[in-house]
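Some structures to go through are shown next.
In the two complexes that follow, chain A is the common piece, with chain B as its partner first and chain C second.
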Partner chain A sequence: MPIKADVQLDAKGLACPMPIVRTKKAMNELTEGQVLEVLATDKGSKADLVAWSKTVGHQYIGTTEDGEVLAHYIRKGNPETTEADEKTFAQTISNERIVGKSGIVLDVREAAEYAFGHVPGAISMPMGELEARMKELDMDQEIYVICRTGTRSDMAAQTLSNAGYTKVYNVLPGMTGWTGELETSI
Partner chain B sequence: MTVNKWTAADVARKVIDNKELFILDVRNADAFEDWKIDGHQFDYLNVPYFDLLDGVEEILLKIPTNKEVLVVCAKEGSSIMIAEMLSDAGREVAYLAGGMKSWSMYLEPIKVGDLHNGGELYQFVRLGKGCLSYMVISKGEAALIDAVRFTEVFTKFAEEKNVKITHVFDTHLHADHISGGRHIAAATGATYYLPEKDAEEVVFDYTKLEDGLTVQIGASKIDVGALYSPGHTIGSTSFIVDHKYLLTGDILFIDSIGRPDLAGLAEDWVGDLRETLYTRYRTLAEDLIVLPAHFMIIEELNEDGTVSKRLGDLFAENHGLNVEDEAKFRSMVTDNLPPQPNAYQEIRHVNMGKITPSDEEQTEMEIGPNRCAVR
Partner chain C sequence: MSNKVAIIASNGGLFDAYKVFNIATAAAATDKEVQIFFTFEGLNLIHKQAMHALEMPAGKEHFAQGFADANVPTIPQLVEMAQELGVKFIACQMTMDVMGLTSADFVEDIEVGGAVTFLEFAKDATPTLTF
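Moving on to the complex of A and B:
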């Protein structure tokens, strides 16, 4: 299944250091939260992108391999702001407590993040698509909104609540603390 | 400032001649932690190239101006970029052509000593990987022991010395590097020997290396005698050259001993290892000079760059030869073993002839430090 990204960078055939040099440049053009797909054939590019993303505050999501071509997915972070402590939605639930519950697990991370690992059965509805797609959700069911660290899901829970959904919970701490089963779609 | 280009041979000279060198390693931290260029008097700074894309100003103060500076990366591209940035900032630096990849491949031939009647013994030191290969030269002929995969290095060396390679031996089925043995034998018409017990799964023809076999090399009639000495593998065999040198393969090193687990049979082979080190080797003359197939740390190098030591001295100094309690010995070589060498399973399959990867793939398999020993 192809993985959705906001911008694609073709670094195939380029040797180190060019894949990273190009990635750095391309990242400057993205807005925070957007996902870049980097296609590369340099095998060393994976380890270097993982380490580079960490030092500059981007989120390395994952890599797929198709023959010689590696596809790396990176989500732009903002080193100036931390994602913590901005949660205001009152109804929360812990990661552990949603296991085995009936209801909907709603994953509001970007499609690429979802693809590399999500709670089994979770529905993918990235933040940017939520307004347009929320009517797909059954109002009578519990909706457990989850993202990476609880910030995007906090906003999504408020959006749903404002639209009249009442059985909405923000799942904390979110996927960064998820130790249960994972399902991938890559 | 100009950016200088150094070859792996230039760096090898610095190691062997005990020179000072400052290495700026721009690979990522994991890679540096795992494996780097070791020198007696080398200093290091590890900053990944991707942390320097906006400039090298932040590290300028950490780079000395009173010694030579070499920038190193995996293949060379990033080190050239960083070297040029440093050069623009007014520093004179060099980069390593081919990066760690070329360092891993470089062999330095060093003469270990003279054999009787004009013979010579050479050790080929692969500094970047810790592998040691040997060539016994006698008038007109040569024997090779534990040759690594860079076959041309050996065939060219033999040409320069005007000798024909007639016998090629592997002390055992290697798990940490790819053997060049059978390819050299095929190219030169030499006989290729491998211990039968290590060769159960090999898919090519070889001559059985048996305990007690003695061959005479060249007009000088240099004796190369085989001594069955299992433990690292079940077939591991040592050689006594000219009644003077003991080639121990991966059984006994200068500062450590072999590990018995690389074929997955540590529990079975630890007893053999014990018997070889504590019984078989004890019957040999203590004046034999031990020449192992590997070194693990730069301190194992002698002043002339060779790796060798008198057997009697090892009996006195090598920790692995001084564990009296058998249970303790057993636990030392089966518990708490270091990580296994990179791709060791695949390397064994290459050495059995089961798979034939490209040169590029072979290089990737051999990347990383040597890990054949228990210290």
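Moving on to the complex of A and C:
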């Protein structure tokens, strides 16, 4: 199943350090939160991009392999904002407590983040698509909104609440603290 | 933690050039501030003519095909890329004097300086690398 990214970079056939140099340049064109897909055949590119993302402050999401071609997914971070952003939505629930509950687990991370691991049965609705797609959600059901660290889900929960959804909960701490089962769609 | 990477390039072969410029461009692409001090044979690496014809170590010439197959960028390409990424080149004044070279013999936008110029930059760089 193809994984959705905002921008694609073709670095196939290039040797080290070119995949990193090209990724660096391509990343300049993205806005915070967008996902870059890097196609490469350099076998060292995976380890390099993991280290590069960590050093520069982006989120390395994962890599898929199709024959010789590696597809890496990186989400642009912002060194200025910290994970400790203030969360304002009052109705929250812990990761552990949503296990086995009836209702909807709504994953508002980017499609690529969802693809590499999500709560089994969770529905993917990235932040950018929420306004347009929220009508797909059943108002009568509990909606547990989850993201990576609780920041995007805080905003999403607020958006849903403003639109009249009342049974909305922000799941904390989010996928970074998730120790339960994971489902992938890659 | 320091955000600087200091590199001394003191050898002038093709392998030396790749070691220097691969590390330099990778570091610059990782948002590091990078300076390379070119001294003695290392000056070949930024010499307008010499950089196009750097030699392989004796007996290793058969690697030429490997370089072509791996689609490795040429040294002039890496030099251009390094400069584009903001890597600063410093040519050693003393070596230039000894070899009768001037700034005009080198690629554009280099700085000429002495050992202290580099040491000043390198004093809080982590790492400092020598090739």
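By our rule, the second predicted complex is superposed on the first by the 185 of 186 C-alpha atoms of A that agree within 3 Å, B and C clash if a C-alpha of one lies under 4 Å from a C-alpha of the other, contacts with A are read in each partner's own complex, and residues count from 1 in each chain.
Just so we're on the same page, a residue touches a chain if its C-beta (ideal position, glycine included) is under 8 Å from a C-beta of that chain, and two chains touch if they have at least 3 such contacts.
Note that the coordinates shown come from a computational prediction; the quantities given were computed from them, not determined experimentally.
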### Query
Should the pairing of chain B and chain C on chain A count as a clash or a fit in the superposition?
clash
### Query
Once the shared chain is lined up, is A:Met175 touching chain B (first), chain C (second), both, or neither of them?
neither
### Query
Is A:Ile143 touching the first partner chain B, the second partner chain C, both, or neither of them?
neither
### Query
If you stack the two complexes on chain A, which partner ends up touching A:Val21: first (chain B), second (chain C), both, or neither?
both
### Message
Once chain A of both complexes is superposed, is A:Gly13 in touch with chain B (first), chain C (second), both, or neither?
### Response
second
### Message
After the superposition on A, what does A:Met155 contact: first (chain B), second (chain C), both or neither?
### Response
neither
### Message
With both complexes overlaid on chain A, does A:Ala47 touch chain B (first), chain C (second), both or neither?
### Response
first
### Message
For the superposed three-chain arrangement, which chain B stretch in 75-83, 201-209 or 327-335 runs into chain C?
### Response
75-83
### Set of chain A residues, in rising order, touched by both chain B and chain C
15-18, 20-21, 24, 48, 52, 55
### Summary
The chain A residues in contact with chain C across the complex are 13-18, 20-21, 23-24, 48, 52, 55-56
### Query
If you look only at chain B, which of its residues touch chain A in the complex?
28-31, 48-51, 53, 73-75, 77-78, 81, 364
### Task
Report the residues of chain C in contact with chain A in the complex, numbered from low to high.
22, 25-26, 29-31, 70-73, 81, 85
### Message
Under the definition above, what is the set of chain A residues touching chain B in their complex?
### Response
15-18, 20-21, 24, 43-44, 47-48, 51-52, 55
